[in-house]
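Input: one structure, supplied below.
A, B, C and D label the chains in the order they appear, each numbered from 1.
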Amino acid sequence: MWLHTSCTLSFDIPAPAPFVLMLRPRSGAQQWISREEYRLIPGVPVSEYTDGYGNLCQRLIAPTGNFEVHTSADVMTADFVDTGWGSPFVEIQNLPDSVLSYLLPSRYCESERFHDMASEISAGSQLGYAQVHQIVCWLRDNVEYIPGSSELPLSATEINSRRVGVCRDLAHLGIALCRSLSIPARMVVGYLYGLRPMDQHAWFEAYVGGRWYTFDATQNELRGGYVAVGYGRDAADVAIFNQFGPRIYPRDQVVRVDRMPD
Amino acid sequence: MWLHTSCTLSFDIPAPAPFVLMLRPRSGAQQWISREEYRLIPGVPVSEYTDGYGNLCQRLIAPTGNFEVHTSADVMTADFVDTGWGSPFVEIQNLPDSVLSYLLPSRYCESERFHDMASEISAGSQLGYAQVHQIVCWLRDNVEYIPGSSELPLSATEINSRRVGVCRDLAHLGIALCRSLSIPARMVVGYLYGLRPMDQHAWFEAYVGGRWYTFDATQNELRGGYVAVGYGRDAADVAIFNQFGPRIYPRDQVVRVDRMPD
Amino acid sequence: MWLHTSCTLSFDIPAPAPFVLMLRPRSGAQQWISREEYRLIPGVPVSEYTDGYGNLCQRLIAPTGNFEVHTSADVMTADFVDTGWGSPFVEIQNLPDSVLSYLLPSRYCESERFHDMASEISAGSQLGYAQVHQIVCWLRDNVEYIPGSSELPLSATEINSRRVGVCRDLAHLGIALCRSLSIPARMVVGYLYGLRPMDQHAWFEAYVGGRWYTFDATQNELRGGYVAVGYGRDAADVAIFNQFGPRIYPRDQVVRVDRMPD
Amino acid sequence: MWLHTSCTLSFDIPAPAPFVLMLRPRSGAQQWISREEYRLIPGVPVSEYTDGYGNLCQRLIAPTGNFEVHTSADVMTADFVDTGWGSPFVEIQNLPDSVLSYLLPSRYCESERFHDMASEISAGSQLGYAQVHQIVCWLRDNVEYIPGSSELPLSATEINSRRVGVCRDLAHLGIALCRSLSIPARMVVGYLYGLRPMDQHAWFEAYVGGRWYTFDATQNELRGGYVAVGYGRDAADVAIFNQFGPRIYPRDQVVRVDRMPD
């Protein structure tokens, strides 16, 4: 399906502040960006680089006063997300080198502390896709998804205590559980058509059967309409904006995802 | 200045043919892409990757029949290209690792065969920017720039015999001469506002004084309005499209660069 | 000075187990490996790759039974580690792209939670090297260095509660404090001549004044004799061995660092 | 088989000269370096980096006077090189991104000029491994292998005229012919046990059936005992030493490859 996504961030900047933004989706194997816009008001110099995960990052110094970032894109994305029922666990020795780092614990996914829990949750499942599916079912049943329930990123152990969280939190716990079973898992941030309430979204991918598959414990079932903007080990890597120095919050953040006529 | 660039390629494809296109400019230190469009008619699946030079490359299989690629962009680019009068030669031992490969000979720049000639041309110049400037002056005086005068890429030695060529040819000879003096040099393809006749353009950059500077022997003087789309060692790395199997030429290729209101 | 380092790991492997080892030091700007040995008993197939931090990693499947890894190296290393008194803080906007990720929180360095504490510790210091020095002094005075006091990696917040730790722990807290002040910091593992008791060692580097400087809160003063084997964001990235599945501990681990005649 | 390789280069350096050396073999999927030595006499500071092809490169400034580089290694390498009879041609659209650049023409492999010749040579062969084998047979029959017959690298078109060359020359022509058939091909330099006369060696690899296979037109048949030191598009990328400024030749170069007891 063709989607039109847009995201506007508005800031009141008290003093010039360096930002690193991650708001430019890339065309990849699973999505094609046919049109894309990125406007800064007022205009300031920007440089762009590719980070270690392949994300396009925009560096700039936000000027004092009102500062707005408008981005939008027309994206061709899959009507139905691929599922991989029966896809087997990939033995460590057969994983591509580039995937190995997604087995390690990271800031918000303390995977080395979840082995027993993950084994219990996925007990009886066939190794691979079915284990991850079992983890996602467990998350749906045991961690309440409440948009807006946390402001700052929390870690998987924190979420496991709270048993309530935003999309990012459920993804962190899902990732930690997968990695603890030696299944590579990574965070994705972006947009989802039909998400309620509409906002930036986060989900995760797990590597089984020789490729990455999409999982999302916040939705009752996997459907299409995902637009990936950033990939990383967890939320530390894929903040839509990183800003340094005294913390500045957006005064306003508006996300829209509309279906376009084919 | 703000420029609107567009490039349309039209093909008659006799049988499905794999293409690698390089038609998506990236925001970088010297240009900012605020809007960008990339349409394929008919639509086909595309995947995008970043090559070893940081270029975004689009892979697809062109379908039988009429196939069109429309790209356009709104780009903020410098009004005046930076010049570096007095910028010194960088001793080899002080070059960044990433720049070293631009000292080596490449397909169309047989730099190892130009040392004597380059020394003669740049004799008396201060080492660094002035040497490159001297090379560009020599090219302007000695190699006739005739758009359309060659179809396939020719190498620096071939152009040095012919003494006539297209923008790509002048760039190749300029690069070979620079490298033969141990000055790193690379090819850039993209657009130039006001180019006559309007078309894809090619120029080169040389690394002196700790950064890359733009040089273009096809123009009487350096001015602003450059939009870089691809970087590489020479034309072999930065074809706007690489197509494999029996050669297919575009039936039509239309490039436009218009100035936008600020 | 010339050092001879050696490290032998002995395992009892209950069932074939995939390992990723990081035991091959690389020649770099600050050390030169003139001789290097890497023996596996029994011999098994190994493949080597370079991870995202430039570390050489060895992948293999440890066979059932006794398995030994012997590595050694002759290394030319600095007699005195460079210090950078007066080196200034680098404004975020002037940091190289490749250094930015060392500002982010990571598994064992929850830097986003240390801003107030770090500001207090470094209050009054000149921005840059002096701040990091102040942090190291604080660590020496406030966190007891007891080799062997923790087995598994602990995080900076955990160490800040305990106020006692191994070299890795002090490094984690030092890194978290630096990053919270927007000073990039990274973990280094390797060897240190004269360390007591001799073992693998860990320390950290901070980026000020345009380069990385070495810091080590476990030693009373900075001296020479460091041999770096791995770099990363924290211990999650630079385990000397990562092993997957049921945990296997080395039966024996012997590290030696001897001075060689020049 | 276990091999002991050694290479000594001796230079008379007239004035301090920057060098980039490529003399450190890496452990990889097909070889394991268990011991390795790299001595410089006199000792000078060296820094090492990894180039765009994964090769370890050593940068240094050779001092005036006698300068010697001694390298040696103990290498476990395959007794028999893998062959891939029947391995099919990989359609362009199925090639990994990282392999695409080995389809492009390069300095010494003007592949875009060999399509007709390669088609003729490989006519009747099954697409894939058999085509490359046919090319190698043609090289054995039509290009005389005479060690020492050329000093400087020559290109594929030059060798095709001469019909005589060193190992590097045969590899260049083989690579150009493969690429002209859309088969990715790359150059390898290193050592070969039993080579007569013993020297540095060069051969090539072609990508068919989803992996790289070794080919060597200088030998009557493929056997084991290869030790790869560098990979690249052609000799421009994999010089065992690149030296800049007025050309310096080694006064002496001694290569040895001995079989070690298993």
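Everything below uses one rule, namely that a contact is a pair of C-beta atoms (placed from the backbone, for glycine too) under 8 Å apart; a residue touches a chain by one contact, two chains touch by 3 or more.
This is a predicted model, so every value here is computed, not measured.
**Q** Show which chains lie in contact with subunit A and also with subunit C.
**A** In this structure, no chain contacts subunit C and also subunit A.
**Q** Count the residue numbers both subunit C and subunit D use at their shared interface, divide by all numbers used there, and answer same if that is over half, different if under half.
**A** same
**Q** Using mean C-alpha positions as chain centres, tell me how far subunit A is from subunit D in Å, no decimals.
**A** 43
**Q** How big is the gap, in whole Å, between where the Cα atoms of subunit C centre and where those of subunit D centre?
**A** Computed from C-alpha means, the inter-chain centre distance equals 36 Å.
**Q** State, to the nearest whole Å, the distance from the C-alpha centre of subunit B to the C-alpha centre of subunit D.
**A** 30
**Q** Counting only residues that touch at least two other chains, what does the list for subunit A look like?
**A** In subunit A, nothing touches at least two other chains.
**Q** So which chains actually touch one another? I want all the pairs, not just one.
**A** Those chain pairs which touch are A-B, A-C, B-D, C-D.
**Q** Once bound in the complex, which stretches of subunit C touch subunit D?
**A** Its residues touching subunit D are 26-29, 32-40, 43, 45-48, 50, 54, 56, 58, 76.
**Q** Name, in rising order, each residue of subunit C that touches subunit A in their complex.
**A** For subunit C paired with subunit A, touching residues are 18, 20, 49, 51-52, 57, 59, 61, 91-93, 97, 100-101, 103-107, 110, 112, 152, 182, 236-237, 242, 244-245.
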